[in-house]
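Heads up, there are several structures right after this.
Same chain, two partners: subunit A is paired with subunit B first, then with subunit C.
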Partner chain A sequence: MKFLSDKALERLRTGADEPDLLGTRYRLLERVARGGMGVVYAAEDQKLERRVALKVLDVPGTDGDLANRLIREARVLARLEHPGIVPVHDVGTLADGRVFYTMKFVEGQRLDKFIATVESLHDRLRLFSRVCDAAAFAHARGVLHRDLKPANIMVGPFGEVLVMDWGLAKILHGEVAESAAPADHEVTIYEKPKKPNDGNSDTTSSVITGHGTVMGTPGYMSPEQARGEIEALDARSDIFSLGALLRFILTQRTPSGLNPHLDRSLEAICAKACAEQPGSRYSTVQEFGLDISRYLDGQAVGALRESILDKFGRFYRRYRFFILLILAYLVMRVLLVLFLKR
Partner chain B sequence: MNKILLGLLLGALLGAIDGGTAWFTPAVRAQIAGIVVGSSLKGLIAGVAAGIFARKVNSVPLGILFGLAVGCVLAFLVAYMQHGYYFEIILPGSIVGMIVGFATQRFGAPSTTAAAAR
Partner chain C sequence: MSEDRVPEGGERFPPTRWSVIDAARSGDQAERARAMDTLCAAYWKPVYKYVRLRWNRPLDDAQDLTQGFFVQLIERGLLDKYQPAKSRLRTFLRVCVDSYVMNEDKAAKRLKRGGSFSHVALDFAGAEEELGGAVMDPAAIPSPESLEEFFEKEWVRGLFELAVEDLKKYCDTGERERTFRLFEEYDLSGDETISYDKLAAEYGIPATDVTNALAWARREFRRIALERLREICSTEEEFLREARAVFGWEAK
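What follows is the complex of A and B.
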């Protein structure tokens, strides 16, 4: 009796899992990643002759919870037309009954990989600001992401930042909610959030409930989200995730092995965004982003009550060049006076 | 802060410091106030000129040269009117011009029209 080799078995399993794209305009190219609900493939849109990302459910059927979630994710994305949010192109059902949608194929690196290549603190903060812009836009449209983390952010080859994986998005209010699937009610998560950089936390995998529904990532989800208080979630829950993301961005080591210097203002911003109580956090992402902009401009941040020394230090950092220039000029002038006196 | 305002402020400040050092020369200590005002004015004019130049020409070496030239000419005029102290007035005045020439090239926001044209 002859057995199949492990390799051959694996090939058969992969082949069986591959979506059947017959009858669609897409041609399968390769598997890219696995998400909470399904698999993302690279595919070719044969009509438009372009590469797209095709997200397809693991299980067939269009009326199940997962199918509803995937369709809802596509609808949410379709409403969020923003340079920082990956655009959706198409949604449908495959011949094998699995729901899929296609979106822009983003070539680039995930933020958790990319960030180590960014040496400058200011560049890291600018990158983060672009994530804030996308999140602020979504909030303005009544959509919470609920799974903001480095693995869900892509940085393109031209530095463009795209927020991905809106599978956990919650629609907050207004006319958007009418056409969307019902909000999640079934999920309760008791895992206590960990700090993103405590060495033990998994920064890439999301928590999956017994129903197989992704609800957040420890270390990045807010305490109220971790407690399963779904109805209580608002923009401040995403602000917590953004705060954890900011801390991750700021504390990742550079290729030279050094941690970027994290001063008191940035510490205060992270602490305010990640406050245990939602009421102690920034109330909007714009407010959060404004504090980052203030920091980048060398201004006082709202999260920190400055002492005189802090103010002096900030003034010095902001005008260091001119202060040193004037001091150098003064020294030169004094030397000249002493020289002429001799 | 735009380049002209930057040149104006830095030129005036360095000019005032420049004039203030006249206090170390006992012979002119009595006229210190006039010297400080005059020197500030000189620095201010050099700074504004360097700022305008920086808006038109985007080159650090040319900016430094332009600042040096303006500072030197203005300082020479002042020294000529003083009938003396050529070295004491022209050397620091020229250095002030160089510094504001450099600073206006490296720092300060370009004019909106220049930025749009780029």
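What follows is the complex of A and C.
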């Protein structure tokens, strides 16, 4: 038997790892990232002469849990045509037996990296609103994401916001549900839920079962999801994740090195979205997004019962320019009167 | 568009053969012998090298202990205690080797083993050559912390060697000797100066033929290695976990 040197072992590993694109329209360019189920490569679609992202499973076979999940993910994406959701182009099996799908190649930065470049609170909130738009659209199509977190949001070079990685999506209704159902019973809880991410702890990795099935990310998954109550999950589970995401976005340092301060309204919005009981959260993403819009417009948010002082503070923030203008005018008048009396 | 490729790719992989663990636990002598052969083929070399290095046993002793270990593994039903959910098979086997070597009552028990249970030829001389002077050089002996890593690496090497051997046979029967030679020169020689163009010139064929031949050989190698691996795993979960370890997917 031929002895294999360490170099030969490494070469065999590398060679065996590369997807065999023989017979497809794609040409391999480079490895981009590794996920829970497989690897994402940049590839060239030789027919259309464009760059695509090719996601391929580690192991061959079209009938295993992972293969089902990857195919399902592609089908979920196919039914979610929205500017905030990455479009899928193709799904199939490579010559080496591994299931793959191709999608739009998104150039840009992950939100967890990008957020540090956004200075203004309002810009951060507007960015978050676009994530809400995509989630609301998916919910309207009966799809829960179940793994919303900064690492799964991409921000493109023109400011476009895309929600990625729908491998853990749950179909609430519709034809994809049938193929999705068996895999959901495999979900296993490995960790207890933690407090919503404050942006400092290292809880960004998705928890996976031994099957390699992503089931959520501690700090971002709702308590009911972490308990494995799969059947009970609804839009409010994603709302919990969005609340944790909002807290992350708002608490990350700005480019000028400041630690943003959450005012009472934003604190109340995050707390309501991340309430322990689903019934205490926003009932829909639209309702959540509406509170964000109200905040941006300087209106009272539904999550906070305001005191007189809060109302005055908000009134002041909203009409600060006019208030200061009137005050300046009054001061000038008083000074003028005093001057004329002398 | 790609829908038509789905069944084609799927058919390349034969039905799963579960599993050597079940066979080793079977009451059927023939089944147990098959399990012994499979386990022996996959693990004898790492076990032998491990005994040589970890226990610093002389050549003859290490050979006897290696053979004796596999006989005991089957005859004493050691695999009954193995729980895939709790540990990896190779970790379990390594721990068993440790306790076997510690408990072994030297020559008397080893003599009782008699003839080899396994039909697998154990090329101890070859394994010894691979070890080189490691046993003699204290600096080359792995530290206790890295022994697990050493055992795993040797296990992967053993698995890949078996897969290469299978691939060679497959190529010989399918009249693809040239493909195997290209694969051997490019992927197995460890020569980093070799290129597709050099091979094309050497064999007088277009570079695209080299590309296609190597793609085919890697695909088949991967398939065979995974089949071999599947045989020595007892559950799908364990198989996926081990596949990730073997191909280094965890680390990347």
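The definition used in the following text is that the second predicted complex is superposed on the first by the 313 of 342 C-alpha atoms of A that agree within 3 Å, B and C clash if a C-alpha of one lies under 4 Å from a C-alpha of the other, contacts with A are read in each partner's own complex, and residues count from 1 in each chain.
The rule is short, and it goes like this: a contact is a pair of C-beta atoms (placed from the backbone, for glycine too) under 8 Å apart; a residue touches a chain by one contact, two chains touch by 3 or more.
Bear in mind that the values here come from a model prediction, so they are computed numbers and not experimental data.
Q: According to the stated criteria, A:D20 is in contact with first (subunit B), second (subunit C), both, or neither; which is it?
A: second
Q: Does subunit B (first) or subunit C (second) touch A:L66, or do both, or does neither?
A: So A:L66 only meets subunit C here.
Q: In the overlaid three-chain picture, which partner chain does A:Q277 touch, first (subunit B) or second (subunit C), both, or neither?
A: Neither subunit B nor subunit C is touched by A:Q277.
Q: Contacts for A:D96 in the overlay, against subunit B (first) and subunit C (second): which applies, first, second, both or neither?
A: Touch status of A:D96: second partner only.
Q: Is A:F322 contacted by the first partner subunit B, the second partner subunit C, both or neither?
A: It touches subunit B, and subunit C stays clear.
Q: Quick one: classify A:V337 as touching subunit B (first), subunit C (second), both or neither.
A: A:V337 contacts subunit B only, not subunit C.
Q: Should A:S5 be classified as contacting the first partner (subunit B), the second (subunit C), both, or neither?
A: Touch partner of A:S5: subunit C, not subunit B.
Q: If you count the residues of subunit A that each partner touches, which comes out higher, subunit B or subunit C?
A: C
Q: Where on subunit B does subunit A make contact in their complex?
A: 10, 13-14, 17-18, 21, 24-25, 87-88, 91-92, 95-96, 99, 103, 106-107
Q: Using the touch definition up top, name the residues of subunit A that touch subunit C in the complex.
A: So the residues of subunit A touching subunit C come out as 1-9, 11-13, 15-18, 20, 22-24, 34, 39, 58-66, 90-98, 210-212.
Q: Looking at the complex, which residues from subunit A come into contact with subunit B?
A: Going through subunit A, the ones touching subunit B are 321-322, 325-326, 329-330, 332-334, 336-337, 340-341.
Q: Can you check the complex and tell me which residues of subunit C touch subunit A?
A: Within the complex, subunit C touches subunit A at residues 1-3, 5-10, 12-13, 85, 123, 126, 129-130, 153, 156-157, 160-162, 164-165, 184, 186-190, 192, 212, 214-216, 218-219, 221-223, 225-226, 236-237, 239-241, 243-244, 247-249, 252.
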